[in-house]
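I'd like to ask some things about the structure below.
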Amino acid sequence: MADTATLPAGGTADTARVGFLNRLRSGDAIAHLLTLAFAAVILLIAGMVVVELFRSSSEARHRFGWTFFVTSGWDPVAGRFGALPFIYGTLVSSAVALIISVPIGLGAAIFLSELAPPRISDALTFVIELLAAVPSVIYGLLAVFALVPLVRDYIYPFLHGTLGFLPLFQGPTYGVGMLTAGLILAIMVVPFVISISRESLLAVPNDQREAALALGATRWESTWHVVVPYARLGIIGSIFLALARALGETMAVTMVIGNNPQIAASLFAPGYTIPAVIASEFTEATSDLHLSALVELGLVLFLLTIVVNAFARLLVLATTRRGTARP
Amino acid sequence: MMGTLAHSTSSGPPSAGLAPPERMQPKLRISRLNFFYGAYQALHNIELEVAANRITALIGPSGCGKSTFLRVLNRMHETVRGARVSGEVLLDSEDALAMNVNQLRRRVGMVFQKPNPFPKSLFENVAYGLRVNGMRGGSRLHEAVEHSLRRAALWDEVKDSLHKSAYALSGGQQQRLCVARALAVNPEVLLLDEPSSALDPIATAKIEELLFHLKKNCTIVIVTHNMQQAARIADETGFFLLGKLIEFGKTETIFKNPSKKETEDYITGRFG
Amino acid sequence: MSRHHWRGFINALMFGLTAICALAAVFVLFWILGFLVVNGGRSLSLSFFTQLPKPPGELGGGMANAMVGSFEIVLIASAIGVPIGFLGGTYLAEFGNGTFPFLIRYTADLLNGVPSIVMGLFAYAVVVRPMHRFSALAGGIALSVILIPTTIRTTEQFLRAVPQMLREGALALGASRWKSITTVVVPAALRGVATGILLGIGRIAGEAAPLLFTSFSNQFWSRSLAQPTASLPVMIFSYAISPYADWHRQAWAAGLVLLAVMLLLNIGARLVLSPGAPRS
């Protein structure tokens, strides 16, 4: 009969107990360890990026400390570096981009999810999502050669003429400036707002719409009062993702922001953003301190986008986990 | 290593929920088997002997643990995190829980509830197990594939379209393909987890017929929620309830003369 | 106007406005395409593809070195990024439940959102400074750091989409984990994974920011991968901001070429992927 004397007595047989060699032979451990090693590379990269950014910016950080973020002058020759204009420019251009792109993006998303017949909606969404794949320099070309004349010859006269009393719209322009940069940024982030908002809206259960309609609401009322609030977490998430993209956008902005490290109230005045100054000055940096200051700007940008992104993903995660917004 | 020659069991008094009376060495011997999903205990102290070259059926209501039990026999439970097993499972006196798991699975094959052919051709599906175990292509492989398809009663239907996708077959044919795929590696035991629950009556009848022929060279354990199926084809039947093996014995006895009340309740349909 | 009519009016108005928003968004693509075709098409000629850039003031010349340079840089980036991303994604899909995989996933997602110029800074510090020169290698490394997080996530998504049943079918036949992954799971997901990788490569091929101070640029052919190398996106940028009209025209032509490649790649990829398949 069974030679049970030589077999281990029955005890708890964990998956682990089966023996490391056994699993190694079964190839399980090899697959696990090999792929894990490659996956861990990404942690290595993330760590190295952070370390290198800190290291390369150390000269500037030690020289200027916290005053870096609140000083305004940027004079490479004299060795004075203040980050405020760039932080200001980055934030303002992104804000302009959001102010323009969110209503339009949300409106388009509503149309695509609630009103358009499915085939048309899919076709239009297909085209809009292609826009997300257009490289930044191409948008830059559009900005420089089509948008700048547009701002200079049409938008500026109109806004300056009608609303020129506002500090926002005062002063002369050459077509480049904060508004133009905000416009091209808006064009670039709108596909993201549309895409994610549309999916959030589509995820709203149909019985919500039907409940509103059954109470006599019009399609629009049911959409605006019921569907959109239900999907608000995903929509807000899309806005934050759009913000993160706008903050880091480099090429198109560099080409139309005007490259002037000043803080001005007017949207028509030239300005500067963090990515733009890095792109423009890095290869021409006159000193190690200059380079270090630019890297510190890059570090600020890095941390800023990480925070915004983390927050955005939390929102989108909350949408998918719980269904959608709690009332 | 094929099973021993068939040996007729002696008829005796109805079993009392434990292994049937004296006969040839059982193919599978399960002792003191307990199974846990984390803190939850799904199987309680199972004692069971599966006779070689017989069809053994496991019946019971949904959630009673019969599928869980089946998956321990080829250690598929190890794909689930937090699954723990204690006790002993002997395959011909070898410790199934300690041996190399891939070797165990070559000797103990499985057919699943829903047909799950690979997105490959018919030929490649059946050849998969053989290739994975080192057989090179060539006439030997072709012969083995044909042999398996014949055993699964599918050869005549597909012999001219071996290079078509497996998904071109009907549900019943796909399931027989999965049987052929499992048979290709010549398992000593074949586990079937409700193999015809997704099939129509004609396809079901075909599967049952082929199991009947298979048992000559193979030990078959089949989980089924269909009592009529167990009554039709099984030599021995075990009744599971809430993770316990309530009764086990010759199918005729279980169905006509069960010794436990729970068994009788289930058979006569008083619940589940 | 009765209240009822007013609400009906608002209904029609708002939906009209939203339709305009959607059409405006779609219009942008055709605006870009139209602009580049009209302005850039004229400057496209054989010499554009075969000649080196001429100094400013001299008409003609082409961007042959930029196209080859882009190809080289993207190749380096893919050679580094694709294996790491693919194997990392396999890890997350096949062994990926637990805190460590969660950490990897989260890190990949965060890195995905980092502006590409920051990755250029990283590559500058890690490659350009020690080497004391700009190089295609540095550019390739910068791009690979962008490619890896994307590839990990798309690979994971497509592998996860393979039904668990197929994995179990392979395991039940005695295949080891490794064999079941390589011979069943990956082939089943191959189409999606390959398309995802292709889209990732397409994305980095259009990047200019990380190349500005890593591979820099070159008026001539680069003799090795350790030299400054011209690339199409960077050249478009520098030509576009220059004051020379002829260079502007070449920038449009180059933009047309780049856009055409991007669109073909993306349209092809999306058509290959079945509708409803996971997209990042």
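Every chain is named by a letter (A, B and C) in the order it is written, and numbering of its residues begins at 1.
As a convention for this text, a contact is a pair of C-beta atoms (placed from the backbone, for glycine too) under 8 Å apart; a residue touches a chain by one contact, two chains touch by 3 or more.
Everything numeric here is computed off the predicted structure, so don't read it as measured data.
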Chain whose mean Cα position lies farthest from subunit C:
B
Centroid check, CA-based, most central chain -> C
Geometric centre distance via CA averages, subunit C-subunit B, whole Å
50
Intercentroid distance (Cα basis), subunit B paired with subunit A, Å:
54
When centres are defined as mean Cα positions, the distance from subunit A to subunit C in whole Å is 16
Can you list the subunit A residues in contact with two or more other chains?
26-27
Please list all residues of subunit B that touch 2 or more other chains.
102
Which residues of subunit C are in contact with two or more other chains?
176, 179
Parts of subunit A lying in touch with subunit C, wherever the complex brings them together
26-28, 30-32, 34-36, 38-43, 45-46, 48-49, 52-53, 55-56, 103-105, 107-108, 110-112, 115-116, 122, 124, 126-131, 133-142, 144-146, 187, 190-191, 194, 218-221, 224, 241, 244-245, 247-251, 254-255, 275, 278-279, 282-283, 295, 298, 301-302, 305-306, 308-310, 312-313
Would you tell me which residues of subunit B are touching subunit C in their complex?
74, 76, 79, 81, 102-106, 109-110, 112, 114, 116-120, 128-129, 131-133, 178, 181-182, 185
Subunit C to subunit A touching residues, read off their complex:
7-8, 10-11, 14-15, 17-22, 24-26, 28-29, 31-32, 35-36, 39, 83-84, 87-92, 94-95, 100-101, 103-104, 107-119, 121-122, 124-126, 145, 148-149, 152, 176-179, 181, 199, 202-203, 206-209, 212-213, 216, 233, 236-237, 240-241, 248, 251-252, 255, 258-259, 262-263, 265-267, 270, 275
Residues of subunit C touching subunit B in the complex:
97, 163, 165-176, 179, 183-184, 187-188
